[in-house]
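In what comes next, chain A is part of two complexes: it sits with chain B in the first one and with chain C in the second one.
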Partner chain A sequence: MIQVFVNSIIYASEIAIVAVGISLAYSILRFANFAHIQFAVVGGYATYVATELGLPLILAVPASAVFVGGLAVVVDILVFSRLRHISPEGKMIVSWGVALLIRAIVASIFGGGSIIIETNTTPIRFAGAIFTSLDVIVVSATVAFMVLLHAFLYRTRTGSGLRALASNYDLAVTRGIPGERMIRLMWFISGAYAAIGGSLIALETRLQPNMDLIILLPVFAAVTIGGLSNVFGAVLGALFLSLAQNFIISIDFGSLVSDQSWFVPSQFRDYVAVLALVLVLLLRPSMTKRGAN
Partner chain B sequence: MTQSETKAPILELRAVTAGYGLITVLNDVAVQLHPGEILTILGANGSGKSTVLKTTAGLTRILGGAITFAGEDITRWAAHRRAASGIGYVPQNQNVFLDLTVADNLKMGAFLRPKSFDRDVEEVYALFPRIKEKRRVLAGTLSGGERRMLSIGLTLLLKPKVLLLDEPSSDLAPTMVDSVFEAIARIHRELSIPILLVEQNVNRALALADRVCVLVRGKDALDCKPADITTEDLHGLFIDGGVRTS
Partner chain C sequence: MKRNLLNAAVFAAAAIVAQPGALLAADTIPVGVIANLTGQDVNTSLQMARGVELAADEINAAGGIDGKMIELIVEDSEYKAQEALTAATKLYQVNQVPAVIMFGGSSLMIPVGELAQQEGKVLINTSSSSAKLGDYPGALFSILPLDNIVGKELGQYVYDKGARSIATIVPNNTFGTGIADAAGAAFEAAGGKIVRKVAYTEGQPDYRADVQAIIAAEPDALVGVGYGDDSRTVFKNARELGFDAPWYAAYPSIFAVENEEWMNGKLSGVDNGGYANDGGAAVLAAYKAKWPDEDEPLAHIYYGYDAMMVLAKAIEAGGVESAEIAAALPSVVESYVGATGKIVWDDRGQRIDPPLDIIEYKGGKFETVGTID
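Right, the complex of A and B next:
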């Protein structure tokens, strides 16, 4: 059981750090940015390229974060900034288009094969659970970046300005808060966090062009459970989801009804995400309504 | 008042055409606000009077004409730059940050002037003692009247050179209307800020205003002193405009 809990924490960390960027963008611009998943994928590949160029991981991941943060700003300048006044549904569809374009570019550069970023990890045995030194880094990096984001949003003047824009855009800009400049900053943070998340996922598993499909559902489910525009709700959403997914596939349902053991195949893990999402939406309709205001 | 008419206007809209997206709401509207005066814009629902204020604050698409403020052409300025130059806009609806505390709302109002916040906020508290009592609660839990006071208060923290007030009396209990209008009169008297006021409450607005202009279907139709205006004038204008006065 402790092992399942540990696995859940690790998986939740990877999902959460990607998910916060979607919430951040949604909170101000009110649309679900599907290209965000691609930012995470590009982040993973950028970290790989940086390590190939000889950078140690501790520098490769920040370099990737800056690169993808910049990419997110460029995408905003080229695409989303021109569509500020169209409907959220329209922006969402356009973000799909952006996602597919980025996907095609990544595949054309790196090919379809999977790439493993070499790391030295040592297994750690603690309180009956087994994990690696990399897992420790993934979880502590996520916690550190969440604390940093919270401090930025709640302790700095610029962060307060972002929260004001998220709360009431027109009121915020007529208070003198520079909306467009702040949106650029928001995109940079969002892209950088996606890159960090994508890099951590790439380190834990491997880089492949379809890793977007693997993380798409859990990330969006986490964001939706968290209430869409609530940045730290997305973190809780990721934790809840991860626990649900890992516990469901670890329960021996077979032994409950017969003497043969039967587990939910782990391929169904994502459908557990959908099921958890539906249950939460049915039971807590107010959570999602808040974001729609 | 004769004095104010001789001075150059601090805010002027010249032949402004503006709207939202593809919809045009204002056509060739001209408004002049002089230093020290209260100018009231009257008009029926949908006449575009709120859009005049939004256009001045920088929240609409301006398709033609020009806006000058304190001697500068601000027609192409973004909303935040207009606020920084001294345009204080109090919206009719969604005029506070609902999910922030009252104190944080006031801090947002002072976004451009964080250093003098502690001193400035006391002036707002002096004007609206109730806001001080409620400073730790979420703005979303305030009553309609308290919300209106907060929205005026957080706008004053900008140290505006003009105030744009959009229907400050709407959806308020009569006693609240009294105190909101008293506060507006006091702000005008003590801080001598010129005010562009949009109102549906005709009698209240006429009592407070130095001048009145009436907007009918996005075009200004009348510009004279409140004492000159008769109920028949207004009635005629609203009917001629084909807009119900209710």
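Right, the complex of A and C next:
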């Protein structure tokens, strides 16, 4: 049981840090940005390139975050800023097109095969659970970056400005908050957090151009569960989803009806995300409305 | 990877040049080749196709078959069942080839075998090892031994190595589960116990939960098969989580080793053998002469070579029609000793009693340390 909790916290950490960026963008611009997942993929590759160039991981990940944060701003300048007036559905579809373009560029540069970023990890056994020193770093990094984001949003004037824009964009702009400049800042933060999340996922798993398809469902499920525009709700959504997914694959269903063990294969955890999405949409139809931020 | 794709493209281009039109000249004998020149596992597939090419070169250089040259028509399966079927349909119906030599997993080989049986054509399997391949007698013939034979030898090998409890980990496909079932049955028959079975879906980002469950079950050894990026990821998870028991496998040479240092001395198993003979040496020499800048060839080159050779001998002995080839194949195989050793078929045209080697991963590469009689 402890193993399940440990795995859930690790998986939730990987998802949450990507998910908060989607919520941040949604809270201000009111559309689900599918390209965000590709920002995470680019972040993973950028970290890989940085390590290949000789940077230690502790510098490679921040460098990747700055690069992808800048990329997100560039994408906004080139694409999304020109679509401010169109419907959220239109922007969402365009974001999918941007995601496909980024994926094609990544695949053309790095090829279709997978890449493993070399790390020196140590296995840890604690209270019957097995995990690694890398897992500890991943969870710690996620907690640290969440605290940092919270402090920024709730302890600084700029953060207050962002929250004001999320609460009522027109009113905030009328009161003198520079809307477009703040949106660019939001994109930078969103892209940077996607890059950090993508890097952590790449360190824990492997890099491949289609890894967006693997993380897309759990990330969007976590954001939906937590409330689309609720940044820290996405973190709770990730934790809830991760617990549900890991519990499902750890129960010996076979022993409940026979003397043979049978576990739900681990790949079925994605269907838990689908089920969670359906339940949330059924039980919380108002979740697409503006939530508390 | 880039070089593999380039090689594949060059090979495909050469095949297209060799076959300028859909209608083949009457003084050639068309032979179909289906390989995954794009998609996954390209390198091993390309090696098989090169083995076929070397055999065709040898036959044509010696004057062909009754004066007719072998004409290879290569199609790409992309390692997808639907594309493999499209390729086979084109080869059998449009190009009118009497026989196809194919590389691909069971998920591709079985549907193409069904098609060959329906069309009254011949399919020679060089890479798939599902026991279900024997369900198409007279149409599907295998140069590679089937899983149940290799799996059985693996189960006994693991027991002989001293393991008394094992966990199995395989990809969830006919190849993986076939090996796991056969190895597990042989191991249990010898007196061992299976403490955990894992069949994972390919393409997952990690297999952490599967490996944790195996570690928790505390087996004496881990038994399985794997290939490509997934096997590398399983090794990564096992290494990082501190798994330290021996790892026994069927066809360990097709694993993608993730960390040489960690893997050294840990991985061994039963693999196809029999190349250490005059036939194998001749193929190796021809390979190095034709592709001097390439790395050492994989085992699949020998299977491709033998497939083309037995097919040519069957055409020579029986005739160029599919039915004549199917009828002649079992008898010509009886007297053939090829690059993969002597080929013995059961009455379904499936290879039994193959030469098998015991190989170990040492010093960053696989070494043959014994054979199974």
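Simple rule for what comes next: the second predicted complex is superposed on the first by the 281 of 293 C-alpha atoms of A that agree within 3 Å, B and C clash if a C-alpha of one lies under 4 Å from a C-alpha of the other, contacts with A are read in each partner's own complex, and residues count from 1 in each chain.
Quick note on the criterion: a residue touches a chain if its C-beta (ideal position, glycine included) is under 8 Å from a C-beta of that chain, and two chains touch if they have at least 3 such contacts.
All values reported here derive from a predicted model rather than from experimental measurement.
Visitor: Chain A superposed: clash or fit between chain B and chain C?
Guide: fit
Visitor: Once the shared chain is lined up, is A:His150 touching chain B (first), chain C (second), both, or neither of them?
Guide: After superposing on A, A:His150 lies clear of both chain B and chain C.
Visitor: Between the C-alpha centres of chain B and chain C, what angle is found at the C-alpha centre of chain A, to the nearest 10 degrees?
Guide: That angle rounds to 150 degrees.
Visitor: Considering only touches as defined above, state whether A:Asn7 meets chain B (first), chain C (second), both or neither.
Guide: In the superposed model, A:Asn7 contacts chain C only, not chain B.
Visitor: Tell me the contact category for A:Ile116 with respect to chain B and chain C: first, second, both or neither.
Guide: The second partner, chain C, only.
Visitor: If you tally the residues of chain A touched by each partner, is the higher count for chain B or for chain C?
Guide: Chain A has more residues touched by C than by the other partner.
Visitor: Touch test for A:Ile177: chain B only (first), chain C only (second), both, or neither?
Guide: The answer is first: A:Ile177 touches chain B but not chain C.
Visitor: Looking at the overlay, does A:Phe263 come into contact with chain B only (first), chain C only (second), both, or neither?
Guide: A:Phe263 contacts chain C only, not chain B.
Visitor: Check whether A:His85 is in contact with chain B, with chain C, with both or with neither, and answer first, second, both or neither.
Guide: So A:His85 only meets chain B here.
Visitor: Quick one: classify A:Ser167 as touching chain B (first), chain C (second), both or neither.
Guide: first
Visitor: Have a look at where A:Arg206 lands relative to chain B and chain C in the superposition and call it first, second, both or neither.
Guide: second
Visitor: If you've got the overlay open, could you tell me the nearest Cα approach between chain B and chain C in whole angstrom?
Guide: Distance of closest C-alpha approach: 39 Å.
Visitor: Looking at the complex, which residues from chain A come into contact with chain C?
Guide: For this pair, the touching residues of chain A are 3, 7, 111-114, 116, 119, 121, 123, 125, 130-132, 134, 201, 204-206, 208, 211, 214-215, 246, 249-250, 261, 263, 265-267.
Visitor: Please output the residues of chain B touching chain A within their complex, sorted ascending.
Guide: 21, 57-59, 78-80, 82-84, 87, 89, 91, 94-100, 104, 107-109, 111-112, 114, 154, 158
Visitor: How about chain A: which of its residues touch chain B in the complex?
Guide: On the chain A side, the touching residues are 85, 157, 160-161, 163-164, 167-168, 170-180, 293.
Visitor: Please output the residues of chain C touching chain A within their complex, sorted ascending.
Guide: 1-2, 172, 196, 199-201, 204-210, 212-213, 215-216, 229, 232-233, 236, 240-242, 258
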